[in-house]
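Two complexes come next, and they have one chain in common, subunit A, joined by subunit B in the first and subunit C in the second.
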Partner chain A sequence: MTLLSKVSGTRHRLRRCLSVAAIACVLAPLPGITIPDASAADAQPAAGPAMMHLLSAQQYRQIIDDTFGPDIEVNGRFTTETRRAGLLAISSGVTSVTMAEMEAFDNLARSIAAQVTDRTRRDYLIPCKPASERAVDDACAAKFFEATGRFLFRRPLTTDEVKIQVEAAARATEKVKNFYEGLSLSLASMLASPEFLFRQEIPVSDPAQPGQYVLDSYSKASRLSFFLWNSQPDAELLRAAQAGDLNTPAGIAKQVDRMIASRRFEGVVRNFFSDMLRFDDFGNLQKDATVFPKFSLTVSSDAAEQTLLTLVDLLVTQHGDYRDIFTTRRTFLTTTLAAIYGVPLVKSTPRMEPPSWQPYEYEEGNPRAGILSHISFTALHSHPARTSATIRGKALREVFLCQTVPNPPANVNFTVVQNTDNPLYKTARERLTAHSTNPACAGCHKITDPIGLSLEKFDGSGSFRNDENGAHIDTAGAFNGKPFSNPLELGKVLHDDPGATDCLVTRAVSYALGREIADGEKPWHTALNKSFADDQYRLPELFRRIATSPEFFRTAEPQKLPVKTAASSN
Partner chain B sequence: MSAFDRVNAFFVTLCILGTASALPAAAETRGFVVSLFAPASASTEGDCSQGINIPLGQQYALDLLAAGYTKEAVDKLAEGQDTTMFGGFNSSWGRAVVFRTKINGKPVSAWINPAAALDPNLHMVDGKYGFGFNLDGNGAASPTGFEDPLTHEKGVNNQMFRAMGCFTVFRGDEKGILTPGAHHQAWTIVQNGMPAWLISISGDDLSKDGDVTVTFDVAVEHVERDAQSQVLRDMTFRINADRRSHHEFAAELKGGVISLKKPEDLLAVWGEEMFMPTLELRSMRMRLELRPDGALHGMMGGYMPWKDAMSTGLQANMGIHWIGLYYNLRKAADANPDPKTGENRDISTAYFIDAVPAFAVAPDKSKKVARR
Partner chain C sequence: MLAPHSRRNVLRGMLGGTAVTVGLPFLDCFLNSNGTALADGRDLPVYFGTWSQGLGFTPGYWEPKGIGANYENNLFLKPLDPIKHKVTIFSGLRAFMDSNPLNPHGSGPAACLSGGHPKAGVSMPTVDTIIADSVGTTTRFRSLEVSCDGSDGSQSARNATSRNPSEPSPLAFYKRLFGPEFRDPNSADFTPDPAVMARQSVLSAISERRAALNGRLGASDQARLDEYFTSLRGLEQQLTLRLEKPQPIVGCSVPHTEGEEDPATHGTLITDTQRDHRLFARLVAHAMSCDQTRVVNMMFSGGGGGSPLRRQGLSMTYHVSTHEEATDPVLGYQPQVAWFMTQIAAAMAEYFMTLDSFKIGDQTLLDRSLIMYSTDVGRAQIHSQENMPMFLVGGAGGRVKTGLHVPASGQTVARVGLTAQHVMGVPVSTWGTESNMTSKPFTEILA
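Up next is the complex of A and B:
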């Protein structure tokens, strides 16, 4: 069996699985492909597997936007993502699709297809007019599917695939006596197909290194576009793939430069940090309005945006040093956020228009600097009615240092830390000290609390305070043997800690690959770490180096694996 | 103590220094946005010896009888109608209520021509207590003076409370906690769209007794709300460039309470038609307390045009018999007589005021925030 036939067979099985949709189909690595035994690898370090990813909700929307325009409404329910190894982006490669979710995809596909072919859009979204609106027009249908399909499937459609879509449209047209409705039904089938919903990476033998495998050109194009634009390849990238340009370092570099220079790259930076900083948790964030009346829904929705604007400005617009995210005094605020931060900010709009974002720089002496002082960290990693030095410390280590802090045992008594009215323990430090006398708790709290307690002057809503229950808050602590007395100094310690930049590289590579780094890719990770430092920790340079690395397109040797289907499972 | 800690000790204070006018070069300025402005209504049991004014519908029936309708005619008009309110212009009851007044023998709207309507002689407060200040200087000798239930000062003048206090929707309590319902509704409605009222307190050291300056301004923006629907603290406001709403008064801070050094005229603080077109208080007094949580609470009193006092009741749409209110206010007015008619044009009043910390910027320096 040739590789192509293997992949084709895989596709067939997937289609069958999804069309039956009676059972979850667990993905990744790509069925038919498995991670080779590391011991079997020769001189070349073993790469990770080729992957298959379910489109995220954001990617789905962006693709529809890119293909058909922003006025197409995408109203549907998407698969819930679960964070793995610090990123949601990884989970899309290890997920399952239930029957209900497939039905939701199908409904969404019909809705989109109907909008594409409706009277208001057909003239500019369909590149031809049928001879009669009430009759079949295979030529026009073929022209539409060839043009549109290459974006939706992220590669040119095969002759057979075009034929299938045209025939489907013709059969439907004959029944409903309407060319556009027929076209719509056939388009809906494309949008609900696995070729659209899943990014399938196809490995091929590397002609330059016999015995090694790389992605094929169109898979390379997709990996690049989803990494740097979080969407499908555009026409230029598909052209480059077709022309073989992506098989040369120069060809790849040219495309990467073009993509990073695009404004769309900012969107990826936003998406990457939204994922890494766990901003999806804002959807579940609740604050007790009696304790934190300033924390309104507006604040909640603005908090993540503040941090994202700060990061994009620092890392993309200013081309700044990643480490400065822990120390920068520059940020962006709305008047509502300014109120919770206790700083003055005038509406930039002349009269009563909605408030807009404005750049703001904390003055020297203000206790806020770096994104750890943002509401998006302090409030997101707090309880509804109080702070949590432990949760903040845990989050800091997991999010920014890629460390794993175990969850507390199930039988822990939290009474002491939860009771903020206990006159014996007025501050969080006092409560945690009392709680940590339990030896079972002390070990983890030593890891989390010192850094979490340094942020205690930011209450559970992110507002500043000097005291808790009338007692002065002590923010001193130490991290990796380096003492600090307040959050500003903690930010400087983190700024200089190599673990923070190492973690960023880990997250960026995982985000790019859509999976965790394979053992065989660790030398690449080490090399990227060094180049990141050489590049003065510029994020776009890191992304550029990842995207232009040969390792980015290298895959493990494909091997056959049995595919679970409803029938085989039963 | 760090520099920020020192600033934070004054936390959330409004800084209005650097406004177009020359404010005193005070070492410290705290700023506030008004969160509540409500008539001080010291209602007590039995303070309306003739009783609380009867419900609106019943009073309208009496009005129609006084206007010449027979009881049978009134009953017929009321048949099948919601007589608890005026009922609308499309109902025979409503039209009769509104057009019960005649000028030159022709029916006219009583609401447009209140002076032509008959005075229903609704009840006024005749109890002992009333919030306010000794505006007329007569002290306990003032014939219309009340005793303030909080300070127990005698001879305080608050004829607006006397005129309004027997309407259910204008009743408060002797502790100053309850805001009269009509005002509360009107204020709550208008505040979300009305330009915010700003106050700043400037002095050398507001933690100590001494001379201070109290400044009133109107903002360009309206207040915003927090998650409890209270006025959001620490918002930033632009001061309206219209200087007619800008007032500065010399005052004294003593024991955390601010009082004016002498009676002042507060004229034309731009308001909102539904609440009051402008806030005007002549011969104004005030007692404002700087509270530990950074807020400001107190009372302002003075003489205001009695017709302005109508606005709240009129627009609150809470079943107020406003012809009765019109006559009560007119009869109770106690200052500023019209030189031609001799009829008083102003009425003594007192308002509770709450304000929360806020920032503000000068009207001509919208990008530059004034600093303490």
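Up next is the complex of A and C:
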């Protein structure tokens, strides 16, 4: 399953790479490239596989918050995720639980369960009182597990499952002579169980199309809620799943509309872009304090927030056109950011409250239009003490155009590029040109550097400059044959490039499915691209189209045939 | 027994000048007359470890002079001098790339630790997990992973997608090892804890539902679920061990704590990493002395852009320095980079000497261990995969000769990993993939 999706993803990357750039990509092997064999190519699946995702740290926290309330502390460390095919959200579909993580999940589970059953919360989180606090009470335990379990397992518990938890609670109660402690330990075992930690999608035969497979109702509910809320299904969604509503287009549309209208949807937009724009890299961002004295940890966190606020405002609040992210002059600033941007931001907060976010609009013609001019792009994709046109060009292609630019080969001498004090090569453009005389390097630098060089007036911290080492910075270049003379024009070229919207659709679908797009889903991808254009590139519309597509719930034939059908599963 | 824990407790207790605390007097009566095995015939354990660090050592300045025993350390490895009689150095090794694309700081570790390059769908366990599956199944922890640079970065992985995360906090590591769940094997009294029995009793609820889960999964998800249940069994085993009266362990040394709270945070200076490394080294030694684990993976710092190591007053990070610092024409190397490299060699030496200061009979923990050092690059400046430094340190309970320089020009790095597996008793004849595949361990170091 993973192999298939991997192969299809690689093909996709290769095709895109060929279309944009040149021989360089063919000469340099792509990371992780796998040549699919003929038999695999013949047996193209109609859809991708059903998935089994490990909960992310954010999802785990949100679920505990949703189930037990925001005052439950979730004190634990989660393993850092690894980005695959441009998204962290995909990696949870291939990872498991190692021994150290099992210990951590178990500790976390017991700490949460202890809070749920403590004296301050048991009255409202446990729907009954035991006959005696020192003795087993199966009826009360059953009531608790039925009520809580359906949220934690994202479906009603079977009779057997309730019985297992009740018996576990009874065994523990007998040992510690305390009903609540026994209940707490049994709850902890649910929170450490695979049914909770993994969201496992169940494929069933599609009654409407014999031979085809779809997700069962509760898997549909989870797919919807993790896509649109990054959390578990709420009571209404579980009710809809139970009632069979999610087996009809109208029933699904009703739920999707409700979910997108919720404030939680904003959180998903933030989460999606944090992932796509690689904002987790801010955790590793280092700036040279002697070169960039204004750059601080506050700048780092504000920079990510600036871009997220800009995106949410443009795409959700204003219901704007996605392509405008490359050209918008509207943004939000703090005084800390304003210092780096060189913007005279007046602290206008009433009663001398701490400085907060203020909307700001650059005047026409200011080079600070579009999110590529944000610190979250220019500084995040730079070296600690200087810019890197190559890193920026690579990031732009990978993040916004879904292309793969290979890493440099071993034994490459970077000295010419790295020495910013060489009087022969004063600007980054001159240094890179000298470096690219090596034909082995030239191929890839041709695809990264021209777009990166157009952003050279933003230094390694994101501040604006006109010159480098006394020499004027030339920001002209071309992308896909379209010339531009400065970052504003580059923004316009990207605004009009179909590759950018195509890439967003790719990332959104991958985020929704939690895996790369399967070969058999390419027609769906094409259709979404078209509808995205028809919808004037409105992001919520794209998410709505994805969530209401029949393809969203279709899966490949399971490797082990299911024994039930959609009709009987509800 | 233990005071409330805080970072300062650990800091004070472990750095506070008392040096190594040996909790109990060594009880010779437990050992046989050679001091090598327990009196009841059980062999003393042999420990395996990795010590890894990014950016390696600049070629020309680490390779020893002289071959075989009594080599002379080169400039950057001088800090290892006090312990060099227990350090075997392999020089000239290569990580073969074949046609695989270079992952600048990932290809080297993959070759050194798993014998090749990860490919989609191909399982590539690292050597420590292979050894842990062989020797670590009876201890409380199958293996322990720690990282000293503040990240949870780890080189230990069961396969391409399942990494064993490192513990970055010495305090959390201390609590995990010697917190309330620790039972002193030499404690006179023993009463099974009903709370532990209760915990154990509820975990079976998870396994009771396993059959229902299994029926629904494809092969790759099935493998992931199997891994989950392997981890769950590990957790159950920890609880089982807590319910049994433990065998006394000679030399088991429990760290003492004292002092008050100090919520120190981890910065990016190399001194922070060195401080945490020192704490981890002691805790690892204590854990090994009490046989809490047989396999320990110590990661000093990573290699690539994510590696934060800095020197006070120096603007560039260590990683950036390797790429950008000019080579001093007189010295012949990058001076700041050289400073970092000797600091790292000193930390490595400190680790080995810490293990060497814990006595087991007439041996030390280091004598009973095999620690494999590896890195990510041959020359960091250009991500070279040639002349990769690798060391095997410690006597592995007398199974290897120590203190040798073994030139192995152009040989695959995987030979060291294969040697380690042989020494640790793993039945394997060939290891590695493509050009890194080898069936030739370094027999010249076997005792």
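As a working rule, the second predicted complex is superposed on the first by the 509 of 570 C-alpha atoms of A that agree within 3 Å, B and C clash if a C-alpha of one lies under 4 Å from a C-alpha of the other, contacts with A are read in each partner's own complex, and residues count from 1 in each chain.
In the analysis below, contacts are C-beta pairs under 8 Å (C-beta built on N, C-alpha and C of every residue); 3 or more make two chains touch, one makes a residue touch a chain.
Keep in mind the model is a prediction, meaning the values are calculated, not measured.
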Request  = May I ask you to decide whether A:F464 touches subunit B, subunit C, both, or neither, giving the answer as first, second, both or neither?
outcome  = first
Between subunit B and subunit C, more extensive residue contact with subunit A = C
Key: Touched partner set for A:S193, first subunit B, second subunit C, both or neither   = second
Request  = Based on the superposed arrangement, let me know which partner A:P384 touches: subunit B (first), subunit C (second), both, or neither?
outcome  = second
Message = For A:A289 in the superposed arrangement: first (subunit B), second (subunit C), both or neither?
response = both
Query = What is the contact status of A:P439 with respect to subunit B (first) and subunit C (second): first, second, both, or neither?
reply = neither
Request  = Return first, second, both or neither, reflecting whether A:V346 touches subunit B, subunit C, both chains, or no partner chain.
outcome  = first
Ask   = If you stack the two complexes on chain A, which partner ends up touching A:N366: first (subunit B), second (subunit C), both, or neither?
value = first
Ask   = Between subunit B (first) and subunit C (second), which, if any, makes contact with A:A338: first, second, both or neither?
value = first
Task = Check subunit A for residues that touch subunit B in one structure and subunit C in the other, and list them.
result = 289-290
Task = Would you mind writing out the residues of subunit C in touch with subunit A in their complex?
result = 97, 99-104, 119-121, 141-143, 145, 151-153, 158, 161-165, 167, 172, 176, 194-195, 197-199, 201-206, 208-209, 212-213, 215-221, 223-225, 227-232, 234-235, 238, 268, 305-306, 308, 310, 315-317, 320, 323-324, 326, 381-385
Note = As the complex stands, subunit A meets subunit B at residues 287, 289-290, 292-297, 335-336, 338-340, 342-347, 351-352, 365-367, 464, 466
Note = Within their complex, subunit B touches subunit A through residues 2-5, 7-8, 11-12, 15, 220-222, 224-228, 230, 232-236, 238, 359-361, 366-367, 369
Request  = Could you pull out which subunit A residues touch subunit C in their complex?
outcome  = 1-3, 6-7, 28-34, 49-50, 52, 77, 79-80, 82, 91, 94-103, 106, 110, 160-161, 164-165, 167-169, 171-172, 175-176, 181-182, 185-186, 188-190, 192-195, 197-198, 200, 202, 284, 286, 288-291, 383-385, 406-414, 418-419, 558-560, 562
